[in-house]
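Working notes for the structure below.
Going in written order, the chains are labelled A, B, C and D, and every chain counts its residues from 1.
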Amino acid sequence: MWNTGITQVEPNKLVTRGYKQDELMGKVPFSHVVYLLFKGDLPDEKTGKLFDAMITASIDHGPTPPSAQAARIVCSGGVPLPTAVAAGLMAVGDFHGGAIENAMKILYGLVEKKNKEGKSIEEVAKETVVEFKEKKKIMPGLGHRIHTDDPRTKKLFSMAKELGVAGDHTSMFQAFQAEFVKSSGKELPINVDGALAALACDMGFDYRLGKALFLIGRIAGLVAHVYEEQTREKPMRKFDPEFQYDGPAERPLPSHYK
Amino acid sequence: MWNTGITQVEPNKLVTRGYKQDELMGKVPFSHVVYLLFKGDLPDEKTGKLFDAMITASIDHGPTPPSAQAARIVCSGGVPLPTAVAAGLMAVGDFHGGAIENAMKILYGLVEKKNKEGKSIEEVAKETVVEFKEKKKIMPGLGHRIHTDDPRTKKLFSMAKELGVAGDHTSMFQAFQAEFVKSSGKELPINVDGALAALACDMGFDYRLGKALFLIGRIAGLVAHVYEEQTREKPMRKFDPEFQYDGPAERPLPSHYK
Amino acid sequence: MWNTGITQVEPNKLVTRGYKQDELMGKVPFSHVVYLLFKGDLPDEKTGKLFDAMITASIDHGPTPPSAQAARIVCSGGVPLPTAVAAGLMAVGDFHGGAIENAMKILYGLVEKKNKEGKSIEEVAKETVVEFKEKKKIMPGLGHRIHTDDPRTKKLFSMAKELGVAGDHTSMFQAFQAEFVKSSGKELPINVDGALAALACDMGFDYRLGKALFLIGRIAGLVAHVYEEQTREKPMRKFDPEFQYDGPAERPLPSHYK
Amino acid sequence: MWNTGITQVEPNKLVTRGYKQDELMGKVPFSHVVYLLFKGDLPDEKTGKLFDAMITASIDHGPTPPSAQAARIVCSGGVPLPTAVAAGLMAVGDFHGGAIENAMKILYGLVEKKNKEGKSIEEVAKETVVEFKEKKKIMPGLGHRIHTDDPRTKKLFSMAKELGVAGDHTSMFQAFQAEFVKSSGKELPINVDGALAALACDMGFDYRLGKALFLIGRIAGLVAHVYEEQTREKPMRKFDPEFQYDGPAERPLPSHYK
């Protein structure tokens, strides 16, 4: 006999984390249900709003990341969609999505240090930049190959501020980044993984769920890639690194999203 | 050179299906973004509301389905979370989640037949029940091992009716089910896969995305199972078929969900 | 209570298909043990010799097939070796390795037809070429993108002939191919999948194991690709379709292999 | 442009690690080809003989390990054989097969220490037992839940001794084990993972290939499990922990294996 705290199943009744599934449906947005499954409780209104945006931030960044490439290539061998999507998720590792969990571990440590030693965020950030430089350690979640000013990061931090959800971990990362730029002269921005890490810490997520936060958004994009591969491409095609976007041109949100 | 219609990536700009990701974030619920990725366009308000509930309907049904078992067992070998979650998704096949796509194929055919032959839904349903009986074919999405009156199905159909989103495919499945019960005397209900199939047809989804509709909800539950396995169980444990739920007792939704 | 006919495990004793594992070890070549696991019995001497070569025929054909590409790309995300190797195997599907099982199904059918209808191999081959042309069906295992005269096919067929292991299924495929070339004017050779299919039929393998015959050899190559990726390449590298071989120059077998 | 040292593919020519594949086939046993792929060179006669037994040692230990369970459960969802086999391999992790690589790392370190500090194997073993006790470290590859005297370990060590292939790493592990038993009073044997680790070190394998040595044998057993599940069991079956072996009774090797 062993225990599980996720879902209680009885004939004609499914209760997840204490909530009847048919009551969640239609009342609680799917993204908040994800939060419930990951954290054990439903978010308050503001946290729920930010969490929804956090998952959306990871949906896709085109066909070049290992996850999208792997999903498409496995698909091209002629396998069912779930197998190809799973292969894509399997590419999520230390170097692809892994920065979230690694940054979370560090941020939790730094805020704990601040609290224990009674220092300010700025003091701890400063010390840490020096320490990282000496030990040649790299801060995960800092810097990006393409985006110098990632619109997703900006949006997440501005939403967090507006909603009043950001806390010490976000401030700590921002102080670290500012200090890093000052001391190194390198204009490295906090990237989307870094923003997710900071906010997930402020929400109290276990760092071991860092990659899960990425998976949940990314699976939506991977399904789109596999479906597109199945319906637009020939099997066993030679993958050409040159591609172009031929989807809908940039457009405003439909009016019902204001 | 090849084409992709999913996401356009430029420095500091990510545009998915024509929408800037940072505009989607915070304005468009994640579940609607999933709809966008799967179908190419954002849903109208009512469809979006129903689609959110449809994904939520697949989140979890305890540790016994192959996907949850596989995810937990692979986890117990000592592997990263994404690998264990992927193993769970790989169990989604012809017999686990596969009814959605199979029912969709049939429902699309039946409604097409109705339209082509100028028959009523009831006539086609009646003919089909007879034909299935003769050919010993089974209707996917009908009947359940545990639930005689699945609360998720009920909720999906009542929401669809209320929102005015249900169409011919839903009516066709309901007519088929009624006819089947009358003619066979077996009180088989439409199960949750069947409800998802009917509604996905009414929304115009390609049947090849049937399993994807299941994956997107289920990955949330699988993350919870793998995380619980990692944090509550010993590695390489012997899986005992006896387990009990020790999570939160049944509780009402927080007031901000009304 | 359920049954398994594979391995009996008792304290200090492991018996596979009736043979003690410690007796198999050192006496029975690993490839023959594979045959035992797949078929239930050990091969006779000649069959064992050919089967060993059959598995070896699938070890690798460079970094371009979907399996090798997927394994390398998943590896580049920063995951454990087994996850990356598994992703490679997942690409083995209808279009990658799938020809073996499809050709086996057809060859079993054709030889059965020959026996039932009392026709010669040549007659059935001729009829089938005509039938395939009319129905625009393609014979799996025929033709290759690169190799017009695949050295692996040649070796397998010559070994089979020499050892006296080839039977009706091999003759049938060869008759079909000759007839196809005569009637179509296209010089399509039997490829390595086709040769494996014909010989596996002559050995009496279930066609459902067609992909397994490929997996067992290919996993060796995939391990080499993943290990090479881990030790020679940077994580998250951009995959360049241009590559060159820089391994050992062509060399003769060491003398102890004669 | 990047480099690969595995296989050179030209029209009608495949050369792996410098050897033409059609020359390997029929002359070099498959297991030696695996050695070639993993290490870069073919083994000498004695090493090849032992390596074949080493791979065979991992083929299967019944349906209870995570790999076999996962493969069967994923299969029961109704997916292709390669997907189910891959799910089994994905369970190979830190706690399932992982002892090989962990023991290798330690054994390489201990033998290096012996050589550097000019100590005897016995001295280093003694020091290490003391150190592990103090630090509450556990030696991977020591002890087994079922087998107190694993017949595979015995066979591997006796073959290695007979063939003269065993070296310092094997002696080191044996000295450590003897010392451990003496000092702790616990009769823990070297298990099959431990034996594989010691011998793989003596052969000079990179410890990062530890899990690969396990995968290559185990995939054969996993194919047998998936095939048995497909052909003997119903889909989506409830996994019962009670099972019995109903395969062939214990039997002697056929005479052509002496």
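In the analysis below, contacts are C-beta pairs under 8 Å (C-beta built on N, C-alpha and C of every residue); 3 or more make two chains touch, one makes a residue touch a chain.
Nothing here was measured: the structure is a model prediction, and the numbers come from that model.
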Keeping to the contact definition above, tell me which chains border both subunit A and subunit C. B, D
So which has more C-beta pairs touching, B-C or C-D? C-D
The A-D interface: which of A-C, B-D or B-C repeats it, judged by over half of the contact pairs being the same residue numbers? B-C
At the interface of subunit A with subunit B, does the proportion of residue numbers present on both copies reach over half, so same, or stay under half, so different? same
Mean-CA-position distance for subunit D and subunit B (Å): 41
Provide the C-alpha centroid distance between subunit C and subunit D, rounded to the nearest whole angstrom. 24
Per the C-alpha means, the centres of subunit B and subunit C lie apart by a whole-Å value of 37
Where in subunit D do residues touch two or more of the other chains? 64, 79-80, 82-83, 86-87, 90, 92-93, 97, 240
What residues of subunit D sit close enough to touch subunit C in their complex? 1-9, 11-31, 33-34, 37-38, 40, 42, 44-45, 49, 52-53, 55-57, 59-64, 80-83, 85-87, 89-90, 92-93, 97, 146-152, 154-156, 159, 206, 208-209, 211-212, 215-217, 219-221, 223-225, 227-228, 230-233, 237, 240, 242-251, 253-254, 256-258
Show which residues of subunit C lie in contact with subunit B when the two form their complex. 79-80, 82-83, 90
Hey, which residues of subunit B end up touching subunit D in the complex? 64, 66-67, 69-70, 73-74, 76-79, 83-84, 86-87, 90-98, 235-236, 238-241
